[in-house]
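The structure that follows is given in the form of structure tokens.
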């Protein structure tokens, strides 16, 4: 329709070409965004399943070598996620990672949560930023994408919730009371360490509130352990043994 | 929209809203029944072990009478529309499942199966596209039972019964292992599974108290 | 751990079997739900693209046969969606449709919106419930799943928004003023017809408010058309011709 | 967390927050520039056609001086972080794109290209992973121009210029065809594309008024 | 809690939930009636002035039949509990008030009074502790009427009727002055009063278009 | 709008806003009274059982003086408007009900009735269309009492009183069974009923601790 | 908490709630005054240009009487607490600013200054830590004036006055250029600035209609 | 708008936005300081009673260094604008108040006064129109301290210290009585007061556990 006016403007065919180009660019962008959203959902699902698996294995574990083994199984399962990130690396090349960060974050944080849980079960330590980044690198050590500090911190912040569940459900097992005291110290450390990052990362404040609640629950567990045994002048392990004998009669 | 389409749609919608009304009536009845049953069951906390079987006996009639409701629902719900309407009665149903599960545990010491629950509530297999017990509802019912058992462990001690807590402990531990096998989402079931962990912890405290005082042998 | 207590309860291996079964059932459910969410997103995307395509074609159309052709092209594109539903039918068999309705609805409503737009361009009529259901049936006429009235009504309710855009962007084209008056009558009819369904379908009330806004915008367009021409005692087409002559000089 | 990790993370975060601060300063400057430019451009509505080129002339200097800002940004932004920070300056950038596009249309009657806009704003191709004009920003700038042109069509008539609206009509129609080719989501761009439709309608009304009164030949 | 108290309380609560159910049924009916009426009334926008009286005629029967609902409500609501339950039906009531007000304006050109509305809807004075029209509901109904009249002004022009907008303008101006004198502390009412300002402007713009073109004399 | 209607409406609206102001004043007074009473009642947690009756004695005067407020409200509220305004004072009223219920339990060991509460607060039967205690408010007051009693059970043990928890346990168990049979559709009440469950459990745990250690016989 | 601290704190809190009450009373008065003034001012839309000055005359007394309120507020507000309480009266104040600005424009054709507004409302410079006009309130008042002027442009044409719109257009254009240069970070102000754009366009369209038909010369 | 007014207004607005920026910088610093202090203070939960004084010692320097911030704020804020800007820093300020209050309690066992807090934070009396501690902020700080003390009671037991909970209980009881006497109209403060009730209960339960087991004599 506009053809008759071609002289007074850049010709309509050049407009056509220009917008044809934009159209392809936008379509490609939307398609990539969609693919990343779907991949992120898959990653979230695998990570969640890994967390449940780790809980199961950890509860069955009777000693630290069983825990280390549980950790290994969990880490193995997470290789699936690492492979997915490897296959996505071309979508996230160069400056593209930051373009789609909002789509990637949910899955990535869930992955970091699962990874840090497996890592904790291995040696009771907190996985570092560098260690997380290292799991997201190709064979030659090149990162699939730059790990953002906020994804790292928000991911490991969720770990405290899982540790709370771990402490509560392990309470009745032999050694569970000692484990609860250990986790209590660990989570208290996390809470304190994360505090100074909250001015930089807005969502971390909300997660710190959740961590505070988890910590209070873990402290209650530890408190119960101490108060119930303090009537008796015997070491924890001996009390555990007495109870265990009764229960297994 | 032509007149015919308008009327057809209107008629279909009227029919649906009618159906909803009639389901609601049944659910109200269902609700009354389960409220009465729960009221009676709440007496287990002040009933000595020995008198519990006869207490449980008194809820058998109202519990089985839930079959009237499930039958009425099965005749109301159109084929294949189970998932469309189930939310309307799932709270009442979960209460009934809880009551059935608790009854069986308190009399036989065993875990009720989904199939067994269906039988007690008169739910027939051939209704499965209209009225059935979903895995989720069954699991909710079991967790409610555990919530109650953790209170019972405490109250049994008050009544001088130190065996009950040990039995409960073993039973709940077994159930917990079962629940741990499930992969849950961040939904109600997951939140309630967390509550089960608390109950287990509470029960363990009681077992601990009893064991360290050697009370289990004292009765 | 619970093994030592086997006598007092259903054996732990039977618990294991039972929960193994639940676990499979829940995993299968979550996986299916996930697949349906993804499919629904794809369907939404195709439907949205079809709507843009229809706008493009409709604006280029100069006569009713061109509109009918536009409609055909749109309907052809939507065959993609129909094939996706065909491939999903096993996921939705029996009572399963209602279980996943909340996951399916968004895509389905967008599809119905696109379908009703294409249908409108063909002969200016509103697609019926039966006609929509017919597009979701296999070769032997068996429905892939039962079309719910609420999805139908909520889908066609969105059509009014697209018609509003159509009326505004066509305003300047020859015949656009007449088209606006036509659309005005059509949308007013939709608004009135849908009104009696609002007590049954809660979300329809919100959509009716959107329709009311779209209608007011269309009425403004029609009003402008009338008021601008009422100073001149000539029929609409002649005025259009005069303007067209000036513009194409 | 060990002390080293803590300090590393803290340092990285401090660095980022510093960077944000320094970008914000540039954006404030950018904002002042574009506010001044917009202020001057808003005079086109009361300026006779003949005087418009010299009005446009006056914004060339401030418009080109935006290059200082884009250069400063390009030296601030780390490699590959374009998409991370661009939201901070995209409002100012869109205003600048609008000004460049309107200037070119009012002087040459043609549509500015994305490439052409980059040149005016001193944005270099090799910065593309740090500072660039995205398709979206460019399109937003064009729509803002159309918003202004629809007002101009009205005001041109007030000033007795009946040709401008016809020129604007043809120009905007062409642009509209271009925009129609895009598949948009329900986002800002789509909402603004709808506003473009309104502008086109408004312009068509003016053309209608002029044509029916045969005013186009009268000047 | 002794048995007697418990039964009393439960009876009260059951009675309340029953009553709510029965009111809801009436409200559903009320809602259906007013939606049908609104559906018919929406045709005024495509009906030539001359045919409007007979269109209005067709809603008189359903409108007066609302009296059945109000009577049913009056017999359901316990003495003194008007304020307890009124929120349940106030939306339907406001729609009915709107319909009554619009009917009277379109046939007689006058403003309905609160008393007049009560009569049409069969609401008796002696029910005032159970069913009545509050000042707030009446005012809401009037504002809805004005919302509709501003659209009618536009649509009358589409139908080539240039007199209706002038009549509407005079009528709404009077109403608007009245409303601006009211001490509207109520938030919702205040917000809706703002919508009335918008309607006023819209109507003024229609009258403006007509005056500018001298169309009022053209019919 | 004619002058008369306008004045009527404005009078209604003004009267309403005036009335609200005057009710608010009374509620402020009511609030001060109940705050003082609660302040005194909070001392039960550090008062030995034997001194509690004389502590309760000291709140009788302020508690009965609430009758002045209820009388003032009864004279302010227009006939039939109980349900319109009751939300304004229901918080204060629930505090007063709580205080009356707790007093009676701590002195007589019995549950106050709704009728008994009305008498203490000077609420007359013939005001029932203006000022009354609704079932809901009464139940809220009772739940607040139980919240306090669960704290009292804990604090009694701290003071070395092992009988009080047993008495509380018996009393609250009865109340709890009553509540669980009620048809609580009301959301807030339902949520507070959950807090009651929590209190019950806490009290049971105290009794458990006492039983486990055979402390109940030790005093 | 020792008795002295407690009393101090309680006195502070009580004093605050008292003060709030007394400010509210003044604001109610202020509100009544500005409602009356706005009521009168709304008549400009049906008043011929020539009669406007005498209409404006009638609001001078009530407008100046706002000084009583501002004086009362100045004596209520403690030193330095202007920013603490200003939100309570800012709506009324903005209405008064609007009235003062519109009056001056309609009689002298000039823009009122912030200083001039303070004088009319009797606000003294030495109150600046208690009662003052903030830049924000002043700008809000001006935007409300423009909202009204765009309506006046339309209504003047209805009354056959084609000069008023031209005067308004020139006046508002100047204001608009001023506003577009302001650094409006404030969100509400920014949103209202958008309404100003809309008013500008409306006024331009009126002038357009007049120009197109050469009506400006016809009076 | 004349050039002078425009410049004045723009200067005011620019100044305001500048000032906000500079306050924000100080608040960022303040925030970092208080987070560091909170981080250290959180170690009290794992520190044996005997080591707490030296832990508290380590926060004295950073706590007093807050005086640099308050001094910077006092020099930034224009006279009389305390209430305009205080919301920007009130979170940090409340954290600092909390730290000061907790320090004093843990070292001296006494309650900090508002005056005492001002001194520690270097807030001078003559700044009261620019920087001061409001009653509200002081009370918020105290409530945060109680939240922390209830956790400390629990954690002291974990460390085997059964005396700390008894001391905390006595201290918090006194504070609680004080708070219940306050006329808390403020919503946030009221809600936080509820959290204080919860803390009280928690502490009482700890004391209960200790008393029940006669642990207080065990150390």
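First chain written, first letter: the chains are A, B, C, D, E, F, G and H, and each begins at residue 1.
To be clear about the criterion, contacts are C-beta pairs under 8 Å (C-beta built on N, C-alpha and C of every residue); 3 or more make two chains touch, one makes a residue touch a chain.
Chain identities (UniProt): B, D, E, F, G, H = Translin.
Given the structure is predicted, the values throughout are model-derived calculations rather than measurements.
Q: Starting at chain A, what is the smallest number of hops through touching chains needed to reach chain E (Translin)?
A: Shortest path length, in steps: 2.
Q: Could you quickly compare C-E and A-D and let me know which has more C-beta contacts?
A: Between A-D and C-E, contacts are more numerous in A-D.
Q: Please decide if copies chain E (Translin) and chain G (Translin) contact each other with the same set of residue positions, more than half shared, or with different positions, and reply same or different.
A: different
Q: What angle of turn lays chain E (Translin) on top of chain F (Translin) when you fit their CA atoms, given in steps of 5 degrees?
A: A turn of 180 degrees brings the C-alpha atoms of chain E (Translin) onto chain F (Translin).
Q: What whole-number Å value describes the gap between the mean CA coordinates of chain E (Translin) and chain H (Translin)?
A: Centre separation, chain E (Translin) to chain H (Translin): 55 Å.
Q: Between chain A and chain H (Translin), what's the gap in Å when you average each chain's C-alpha atoms?
A: Chain A and chain H (Translin) have C-alpha centres separated by 33 Å.
Q: Taking the mean of the C-alpha atoms as each chain's centre, how many Å separate chain A from chain B (Translin)?
A: Chain centroid spacing, chain A to chain B (Translin), equals 34 Å.
Q: Can you tell me which residues of chain A touch two or more of the remaining chains?
A: Each of 1, 4, 30, 193, 196, 247 in chain A touches at least two other chains.
Q: Mark out which residues of chain D (Translin) touch at least two other chains, giving numbers and ranges.
A: 170, 173, 181-185, 209 - these are the residues of chain D (Translin) that touch more than one other chain.
Q: Which part of chain A faces chain H (Translin) closely enough to touch in the complex?
A: Of all residues in chain A, those touching chain H (Translin) are 181, 184-185, 188, 191-193, 195-196, 198-199, 216, 219-220, 222-223, 226-227, 230-231.
Q: Which residues of chain D (Translin) touch chain A in the complex?
A: Listed in rising order, the residues are 1-2, 5-6, 8-10, 12-13, 16-17, 80-84, 109-111, 113-114, 129-130, 135, 139, 167, 170-171, 173-175, 177-179, 181-185.
Q: Quick check on the complex: what are the chain C residues that touch chain B (Translin)?
A: Spelled out, the residues of chain C in touch with chain B (Translin) are 1-2, 4-5, 8-10, 12, 15-16, 18-20, 22-23, 25-27, 30, 94-99, 101, 126, 128-129, 146, 149, 153, 189-190, 193, 196-197, 200-201.
Q: Considering the complex alone, what residue numbers of chain G (Translin) touch chain D (Translin)?
A: Per the touch definition, chain G (Translin) meets chain D (Translin) at residues 173, 176-177, 180-181, 183, 201, 204-205, 207-208, 211-212.
Q: Looking at the complex, which residues from chain G (Translin) come into contact with chain E (Translin)?
A: Listed in rising order, the residues are 35, 38-39, 42, 45-46, 151, 154-155, 157-158, 160, 206, 209, 213, 215.
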